[in-house]
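There are structures below to look over.
You will see two complexes here that share subunit A, one where it goes with subunit B and one where it goes with subunit C.
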Partner chain A sequence: MSATLERFSTRTPSTSRRKPRRPLRDRLASIAFLLPAVVLVTLLLTAPFADTVYRSFFDDRFVHQSFSGFANYHRMFSDSAVLKSLLNTLFWLIGTVVLPIGLGLSIAVMTNAVKWGRIARLAIVLPYAISGAAVAVVWNFMLQSDGAINSALKSLGLSSLQHDWLLNWPLNTVVMIIANAWQATGVAVILFLVGLQAIPPDTIEASALDGAYGWTRFRHVVFPQLRPVTVVIVGISLVNGLKAFDLIWVLSQGGPARSTETLALTMYWETFVLQRPGSGAAVAVVLTIVVVAVSWFYLRRQLRASY
Partner chain B sequence: MKRREFLAALGAGGAGLLAAGCGKGLQSPPGEVSFYSDNPTWKSGFEDASRQLRKASGTGLDILSVPTVTSYEQVIKAQLQTAKAPDLLKWWNGYRLQDLARIGQLADLTDIWQTAAGKGWIDPAIRADCSYDNKVYGLPLHESYYVVFYNKNIFAKHDLAPPTTWAEFMAAAAKVKKAGITPFVSTQSYPWSFIWFEEMVSKLDVSFYQKLTAGKASYTDPKAEHAMSLWQEMIGKGYFTSPDTDLTTVPAMMHSGAVAMYPCGTWNNATIQQAGLKSGKDFDAFIMPTIEPNATKSVIVEAAQFAMPARAPHKKEAHDLLSHWLDPAVQKVWSAFLMDSAPNPTVISPDPVIRNVQALVKQTNPTRVNRYWEASPPALVESNVQDLGDFMIHPEKAKSVLSRMQSRAEAEWSYWKQEVS
Partner chain C sequence: MLGRTIRNIAVIVLSLLWLVPTYLLIVNGVSSVKGFTGTAHWLPTSFGFFDNVSTAWSVGSFGPAMLNSLIYAVVSGGLAVLVASLAGFAVVAMPSRRPAFWFWVIYAGTLFPLQMFLRPLFSSYAKLNLYDTRLGLFIIYTAMCIPFAFFVMRNYLAAVPREMVEAARIDGAPWWRVFASVHFPLGRPAMAAAFIFQFVWVWNDLLFGITLSFSPGVRPLMAALAGLQGNYSTVGPPVVLAGALIVSLPTVILFFAFQRLFVSSLRTNI
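On to the complex of A and B.
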């Protein structure tokens, strides 16, 4: 970190000098402009989070709660449904990063320079405009045991490939991640296209002169220049994976037997279905820790690397 | 308009909205009390009943619907703790009603019940399901029976009569299965996995079902295991629709003849008719027979409730209105809309299927037991229906599922007793 700061200060020596103190009027104006944002974040984010942390140390009563220490956390980690939910969250995390990014990058690269690319991209981007709940309804129609996919397989004489897609774990979680990728790939394609179009043509021409074509050009010239946009897409995908809710809720309500729950659903289930606000708060705190830890770890690495 | 003027106007508007949001009490039109329901499809029926109630009590209903059950529960539970409580609300009976009554959030309606019972306007057998601590906190909106709807055309084609014994019931299933028709509707889609469980256990031994749901018998009892093994056998024979069947598609499946029998509450009568089947002509209903011929006959009952919050802003008007709810003049209008059994036993439904069910209940006098969904503490039922769903997909897990349900029952009953003590 100190090396980074040193480099930064070498590049911009003027910033290391102490600035003259600004007039009071200016400082008050800055505070006035900052205040609405600070108040909103405090009221809508920090205070509820602090309250949730506090609530997680009390029992599940709605009135006259008693302090219960780490009992909610202990119960949470000894519940097999919650442990499966943690595992599913990990699946979602991997699936929502790997699939939309892999597919999004491939589609963007393959359709960027061809004439029919616009039509292909439109078809892939369109699902992004549909709400998660509507996507779930469509996929439910396809994935049910007597749904479109199994009917199509049967009519093609591929009955051996028929499955109860939504009934058995981990297949049900995997197909939900694929359904999510079908929708989420659209935004990755758009962002990668923006990245591709921002690549200076002279770098491509220079690589052609050096005899770099195909995979070599992509690997050593194009992909490194897509780094900033990849950072953004991975960040978005990580957050989407961790907050996955609507698609799962509409497709399976977390069932059967709570096998498709992610931590977001477990939090909802404990708090609103089982009416256990203390246990729900504990799940919310754990989910927040996971989200913050993953985001911090990822962004810290990426931001450090970008200096 | 200048930017500053625009921002000032926006701020004033926001402050006004905030003040209105923090205002006290729900604003219902004069002469009406606010009523929250989770069933938007009942709105026109409530409007018909409201006109009759206005004639009798001078007060009508201002109906508000929250269409999703889970959202509805949250909205109501949040509002009950504030000055914005509705005047009346639709709620479940049994332990779900007790869940609100035990923390003092509902008003005592015992006087209305007693007056209605004195006039013969209510079935005294269901009082316990509407009470907590011997006080009544809800008046039934309907009295739905869990019956087996069947496609009359399929039964006629295969020379079948509505079964009166378990052997006939199974023979009918075997016959239609042989003809390529799925005998029974069944789904684990939340929360409907309990339908077959409650039917199998109560038709095996209704007193065991009552003890089991009251926390006085074990899920690992040989009777529960026997009920599950019979159910397992039926799954093995391919008698049921796929466990992920969407119940909204079932009336269409009945209409197309893809499925022959559909065990469900009589509230589904209207939905089946909407799919194009004519009541009494294309479909009818029977009460599932007991598994042993000499077992006590029983029927599962579901009765959603009219309840009044303890903090209702217009308590007197709401109380007056409720005192007329069970009046036959109101119930006739309501029952005609509902195409289901009215809570007032003197009101005979105009619908042929419901009239037939009402006659069957009168004739066979089965023991009425509460639906599984309301018959035990909510947290226990919510989790047990998940396990039952697991069993429906993996019937070989019967014993481990029952064992999980029993462990949960022990924990949840202990929690419930601790809460109400």
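On to the complex of A and C.
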């Protein structure tokens, strides 16, 4: 309403004669307000971003590098370490959706139904507040070959279940995904709970009148109403899983023998350890494409909401 | 009835399982290195927390690292929120031709993985003598904090009635005055919220810390913790765990003090 009024008023003769100078000055003023943010973001984020994309089409030499087209991308898919990293990234994608979503939903539903659920939830949410590097330290302590888990198994008389958790692939990647889920499930629990509490009670009452209880009610009444929040949680989990660096880096630096790398680690390893800037840039670009692709269905919603 | 019992047992078992790592962190982080025989303690035996912390201080240079991270988080977080508020004000209150364009210019930075920025930053920092300097880390942390702070501030300031801006302008107030006396005071709650998020983000950063710095006087706390973890067998597990305990304390306190804030942000953050 006010927008149409404004547009209307600018067309009236009295204001249109006065306008030409002021909008220009105002626009310049608005640019002055935007400038610090735009300059910092452009110089430190946008320019490096463009440079990485550009660099990914050149070979690995430090000086006089020559254009190599898609060679860096092509080589990625024939390098066995990178292929394993891609496979691990796929494991992470599956694990970060299945574990936090499955556990998060069941914990939210179960604790929402009991009075002391708050206390139980506190235990699940607490790790979310711990720094990623600290989470890695704790899990390293538990997963070492002479760590807490193996010593507990031994004292329980279950020595046959002991493993070198961090040394053998794919077990090491799986336990890291579990460590990540330990930290990330809290977020899913909180969001599912928000979703559960937003369900109108009369839909539950109506289903009770129809004789729907337990699983049937959950399946046909509760879960469909949780769909929007589920989309958000899937998006957050996927993106956080893909970006996970601190946990893997502190736990194993991607090793042993590069077996626990995901794309986030491979980029760092190729660029700064093996000193192959071109290959590292190509990995970064692929990672970005994956991140944008998997979060697209979730982003779409956000884009519509914000502009 | 049976279903309810099973559910209660499931909840109890799950939450106890979840507490195991935190429990081990605390019990072993406070036990003394001398009494540590190579296997994890499941029950508290000896107390050596302060010795562990002092080892972390001397071997891992936790003292300067903690101070560095505190300064980075406060200064960069604060500066970013101020810069982001100015930009948010410009986008929602001032007449500009393409507010959506400016929004995306500033906001797009948060959507991509940090790996896209690392190598070019590293080489230009090396060229400009910003590598391994506090100034260099200040600059990148500030830039990294701007997009999300901008998103928060823009959404919050959009609720300020246009009439207030128009009234101030008709009274002849210049734009900076409108910002200082209308949007700045009204936006303070959102600024505080954005500051807390950015504080936590900078405090938890490891990637920029290990990429753009190495000396103990410059590197942030998480880089120091990763370094201490590298000395795991030399200093003994209790020292590393005590270090992990200490670095987590500020974020855990902030999280539980502002739990509501973090919950509501989860739905907007990616």
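What we mean here is this: the second predicted complex is superposed on the first by the 249 of 307 C-alpha atoms of A that agree within 3 Å, B and C clash if a C-alpha of one lies under 4 Å from a C-alpha of the other, contacts with A are read in each partner's own complex, and residues count from 1 in each chain.
The definition used in the following text is that contacts are C-beta pairs under 8 Å (C-beta built on N, C-alpha and C of every residue); 3 or more make two chains touch, one makes a residue touch a chain.
Note that this is a predicted model, so its numbers are computed, not measured.
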Quick one: classify A:A47 as touching subunit B (first), subunit C (second), both or neither. second
For A:N140, is the partner it touches subunit B (first), subunit C (second), both, or none of the two (neither)?
-> both
### Message
Going by the contact rule set out at the top, does A:L166 touch subunit B (first), subunit C (second), both, or neither?
### Response
first
Requested in this report: Classify the contacts of A:R61 with the two partner chains as first (subunit B alone), second (subunit C alone), both, or neither.
Outcome: first
Review point. Between subunit B (first) and subunit C (second), which does A:S295 come into contact with in this model arrangement: first, second, both, or neither?
Key: second
Practice task
For A:R258, decide between first (touching subunit B), second (touching subunit C), both and neither.
Solution key: first
The answer to whether subunit B or subunit C touches more of subunit A is C
Message = According to the stated criteria, A:V273 is in contact with first (subunit B), second (subunit C), both, or neither; which is it?
response = first
Open item on the list: Is A:V231 touching anything from subunit B or subunit C once the two structures are fitted on A? First, second, both or neither.
Closed with: neither
- Task: Kindly classify A:V250 by the partners it touches after superposition: subunit B alone (first), subunit C alone (second), both, or neither?
- Result: second
Both subunit B and subunit C touch subunit A at residues 140, 146, 272
In the complex, subunit A touches subunit B at residues 61-63, 140, 144-146, 164, 166-168, 253, 255-259, 272-276
Per the touch rule, the subunit C residues reaching subunit A in their complex are 3, 7-8, 10-12, 14-16, 18-19, 21-22, 24-25, 28, 38-40, 42, 83-84, 86-87, 89-91, 94-97, 100, 102-106, 108-109, 111-122, 124, 139-140, 142-144, 146-147, 150-151, 155, 162, 175, 179, 203-204, 206-207, 210-211, 222, 225-226, 229, 232, 237, 240-241, 243-245, 247-248, 251-252, 254-256, 263, 266-270
Within their complex, subunit B touches subunit A through residues 70, 73-74, 77, 99, 103, 188-190, 242-246, 378-379, 382-383, 386-387, 389-390, 392-393, 419
Subunit A contacts subunit C in the complex at 2, 23, 26-27, 29-31, 33-34, 36-38, 40-49, 51-52, 55, 103, 107, 110-111, 113-114, 117, 119-121, 123-124, 126-134, 136-142, 146-148, 151-152, 182, 187, 190-191, 194, 214, 232, 235-236, 239, 242-243, 245-246, 249-250, 263-264, 267-268, 271-272, 277, 280-281, 283-285, 287-288, 291-292, 295, 298-299, 302, 306-307
